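Think of it as A, B, C and D in the order they're written, each chain with its own count starting at 1.
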Amino acid sequence: MIIVLKPNATPPEVDHVIDRIKELGLKAHVSQGEHRTIIGVIGDETKLSKEPLLAIAGVEQVLPIMKPFKLASREFNKKDSVVVVGGRVKVGGGHLGMIAGPCAIEGREILNEIAGEVKKAGANLLRGGAFKPRTSPYTFQGMGEEGLKILREVGDAHDMPVVTEVMDPRQVPLVEKWADMLQIGARNMQNFDLLKEVGQTRKAILLKRGMSATVKDLLMSAEYILSEGNQSVVLCERGVRSFEDSTRNMLDMSAVPNVKGMSHLPIIVDPSHATGRRDLIPPMALASVAAGADGVHIEVHSCPEKALSDGPQALLPPNYGKLMEQIRKVAEVMGKTF
Amino acid sequence: MIIVLKPNATPPEVDHVIDRIKELGLKAHVSQGEHRTIIGVIGDETKLSKEPLLAIAGVEQVLPIMKPFKLASREFNKKDSVVVVGGRVKVGGGHLGMIAGPCAIEGREILNEIAGEVKKAGANLLRGGAFKPRTSPYTFQGMGEEGLKILREVGDAHDMPVVTEVMDPRQVPLVEKWADMLQIGARNMQNFDLLKEVGQTRKAILLKRGMSATVKDLLMSAEYILSEGNQSVVLCERGVRSFEDSTRNMLDMSAVPNVKGMSHLPIIVDPSHATGRRDLIPPMALASVAAGADGVHIEVHSCPEKALSDGPQALLPPNYGKLMEQIRKVAEVMGKTF
Amino acid sequence: MIIVLKPNATPPEVDHVIDRIKELGLKAHVSQGEHRTIIGVIGDETKLSKEPLLAIAGVEQVLPIMKPFKLASREFNKKDSVVVVGGRVKVGGGHLGMIAGPCAIEGREILNEIAGEVKKAGANLLRGGAFKPRTSPYTFQGMGEEGLKILREVGDAHDMPVVTEVMDPRQVPLVEKWADMLQIGARNMQNFDLLKEVGQTRKAILLKRGMSATVKDLLMSAEYILSEGNQSVVLCERGVRSFEDSTRNMLDMSAVPNVKGMSHLPIIVDPSHATGRRDLIPPMALASVAAGADGVHIEVHSCPEKALSDGPQALLPPNYGKLMEQIRKVAEVMGKTF
Amino acid sequence: MIIVLKPNATPPEVDHVIDRIKELGLKAHVSQGEHRTIIGVIGDETKLSKEPLLAIAGVEQVLPIMKPFKLASREFNKKDSVVVVGGRVKVGGGHLGMIAGPCAIEGREILNEIAGEVKKAGANLLRGGAFKPRTSPYTFQGMGEEGLKILREVGDAHDMPVVTEVMDPRQVPLVEKWADMLQIGARNMQNFDLLKEVGQTRKAILLKRGMSATVKDLLMSAEYILSEGNQSVVLCERGVRSFEDSTRNMLDMSAVPNVKGMSHLPIIVDPSHATGRRDLIPPMALASVAAGADGVHIEVHSCPEKALSDGPQALLPPNYGKLMEQIRKVAEVMGKTF
């Protein structure tokens, strides 16, 4: 950590900062520049939290040098992690997790139809929401436990491990019972009690990036899960809020290689939620694989106009099939398989 | 709701949209323009959710006319709501809620000292965090129930109702027992299960705007609480994420009159979290009152450099006192009291 | 255009709006809904500018239905435009414009060396800045005319048409004399006098998206050039400002298919400026081609650490060569050539 | 400047960085930490530009310590600057510049009427646009020189110095001839040739913040003007682009005290362009003065619905008058006059 003092910091102020550093068992390394005094702190940086230092008179800037996450960091694990979902589907390290399915579980028959189609096209993980985070209290909130059972049955019938969202720490035992991969939605990326709760399960976790979370924030949230002992975390870029008004969110494609530089965790992309537009899903899915993503999460619905949630961002099964053929070719160029 | 069709929409596509509208017991009003066909939907707009329509072939845009929130809307209640905290302190309708205290409760003695100082300066509500949402799992997470008891005692000793954050639906009964006003933090603004849970209490709720929430999103989250039967909601602008890197967040001051145009609910401003900089708190607090806010939420700590959380954004008690004198003058110009 | 009146609009207010519409030779189509009166305007929408209507008492919203650009629109030209640079290199319609070169022209020898390398790797257009827009008045501002001459000579020597930025309407005749393609930088995307000036040349224009421009804003700026009679416009996505602090800008990859849906103009991507990080250029370049871009603009420098401008976002020639091999494979999957 | 090396930087890489520093006549101060080597650079930091260092192998971060602007900085001038417009109206140092007038000059009669009204209400500077930066090439582009003459005459008739926008370096001599204060619009904040050109006049400059400019970017642009010898620069906060869709831009109110901490230059606020909504202008104008702004820029039009530009964000003269009475009271609390 580096502490930059104000140009007019007094010697007692400088001494006071040095004393605080020494109190913590750290060493202070003082550089007297032309315009500023700079203090380098040597030792375990975590002993100093950034903020109280800034509150000391005479301090202008505090620049942390170390990244605030550890278990999620590339330094901690130089090799790409591979997360295994449902004991058989690998995500990461050259294996693409191709997640597909409707936004919400609406019934056994329709889910079964969609699952059959996406499986045939090459999807290896089935998604469907039983608990839906909706901005309005007046819209469909999901089928709950009944939906989870349907998802399990349909997944088993098609030999696909299943992914579903969990929104409330109290639901974790229930969702854990029925699903292979627990999704933490964007709105809950910093719901820290929920992160701790899923960190105590041994299920794979799909952690979506919050709508205004930096890449570092996302990795800090992954750290919450990892630090509880659950190492099976897959990150998901799903777009962030921006001023652009012709797409629902802005897909931050560079987050894919950016995360891979900082962390060993797999990262997939969800072009459905990122763009909110069916026409943009295929090009963004192809781009994701070319950018190095470890998978793609796509909403597929056989009758989007009757979907109870998010119809306009779902592909029809035949379009999904066509897209998967192209994805296969790009994946081959990138040396990846699914 | 208005449905705009694509320039090349076919007559069967147009008819299909009209059929969907009629199925729902609504009337369709078709305008044939030069370049586009436009369909106005007449009747209860909530029967149509925006999205599935967009998924119909031939539909280009779906423009909702009604606001998606009801109980929070200005139409629902033309008069400004007044929220009463702890049976005695009014917020809204000309009454300013002056919330002050440390970020986190760190001990009885220090909280008591700060409470005495802020009360003397004119604060009417005491804040302090017992459960802290921290981006890092490795930093101080709050004193928990022990902190809540201290907050209660110190609040009672100074005759100040107390405000504290609740982060987990499972904590609601506990926090409800000790506090007069329950704060929902920015990171939990769309934690819908938590919103429903606090909506079932009869405590005042301080709902903070999410870091990338629009003003409408904020009002939709308030609607979740109101629709559970709890009418005592105070909103709080606390800054949103932006590209500006010299402040922690960007305080959206216009949210104050913007909310007041759309809703009857009181709204206060938190310049501490919005700016993250002690030097910017006083001018932003004064501006908030001039902009029409119903109160100001300020962190005050007698030793910011030893604060266990967020020291740099806390004022020292004497600076808070000086600021409150100025606020009183601006409040007088605005015809408000505290 | 659709005009939505306020719930409490009076009959005289409604009549006043209708009168304004009729004055302009347009027809008003009134729908009386349950909560709102809505007026559809039929006829040439450009006669009504959006804003004055909003200023009329009783008007709540004005919703334009038509896009505000014409010549740039997909409706105007259903086929993809192909822009020919320097009489020989095609961009668009299956042809990739592979622009490469140093940020700034620094001298004949070094430019010649870089040009040789990028040409060998497959680049078909040579870039280099002679006039540099720098945020600080104290940094290198470019070699000016001398630089333009060098660029021309080196381009000719390697049979590559040349691209360079023009910043000031007074420089247009000079830059036009030496270059094949004139670049309008992000900071000048809404420098309307400059747009008009380059619109009067018959050189190809590379129009970069402004740092906070929406896709529509970008197309409106293209419209300025097209409406002056210059049809050779290539758009360029180069990242927008965001809260993410680990990349210089946020590359909005979805702008590529988004633009292609709305416009017939070619669009390329500049991952160098978008990310500001050398390690992110290769994955973002591959993703751009997979997303359907008509080319990629990459900074290449043989000694980035001595570059007078933007060294950290330049690739070394060998890395560029390696990247181009991979791009070729992805281009093949997409059915494109260069 | 501080240079942080990567954890795995080799000794030759470290030596190479040190050599580069010494070559420039600067001193390197090396701190060997537990995880990282850090090099402090002592001497004139401007000799090292940030970017090439980052391009050196082994370098992880380059942290500039000094602000990149000099003449604009608070260090350069500890006292608040006072800019005098038209030889008589002071802005800064306790004097509020109250700029009012229509968006565009539309004719002598209407301008004269508006000028009379705003003067009576207390405005001390008259604004009106003769050259209009419009996003569409098909909308009203301003009256040009004819408009400038009208503005001059009307300003003189009411004894108000006049403010108008200049968009093109070629227009500077013309605009300089007729106006007292030259406005640089948000879209031209980084039109560096234009900045240099107005920097060579001796007129007061009103420099508006770009829609995605940081406060530092704004001060860097001011530096361009100051470094040409023109010291009369007034900054203007006018909102930035954000995800909030109910206001045109987001007014960054904290920019006012933020700029005042970093710079001696006066800063005013333009709530008309910042919000784009007439109902939000009065509360934002009051808040601006309470936040410490040196003036307010408000559009006033006597018939907004017939305004040729930006009608919805203009106040009617009587509303302006009423607002000015309230502003006077808040100004008094703040110890300022106009």
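Here is the rule we use: contacts are C-beta pairs under 8 Å (C-beta built on N, C-alpha and C of every residue); 3 or more make two chains touch, one makes a residue touch a chain.
Worth saying up front: this structure is predicted, and the values here are computed from it rather than measured.
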| item | value |
| --- | --- |
| Of all other chains, the one whose Cα centre sits farthest from chain A | D |
| Chain pair, B-D or B-C, that carries the greater number of C-beta contacts | B-D |
| Separation of chain B from chain C, taking each centre as the mean of its C-alpha atoms, in whole Å | 38 |
| Interchain centroid distance [CA atoms averaged], chain C/chain D, Å | 26 |
| Chain centre separation (chain B, chain D; CA means) in Å | 31 |
| Touching two or more other chains - residues of chain C | 212, 240-243, 245 |
| Chain B residues touching chain A - in the complex, by the definition given at the top | 20, 46, 49, 51-56, 68-69, 133-139, 167-170, 187-188, 190-194, 196, 210-212, 217, 220-221, 223-224, 227, 240-241, 278, 304-307, 309-312, 314 |
| Of chain D, residues touching chain A in the complex | 2, 4, 7, 29, 31-36, 38, 40, 42-44, 61, 63, 65-66, 75, 241-243, 245 |
| List of chain A residues in touch with chain C within their complex | 212, 214-216, 240, 242-247, 250-258, 261, 271, 274-275, 279-280, 283-284, 286-292, 326, 329-330, 333-334 |
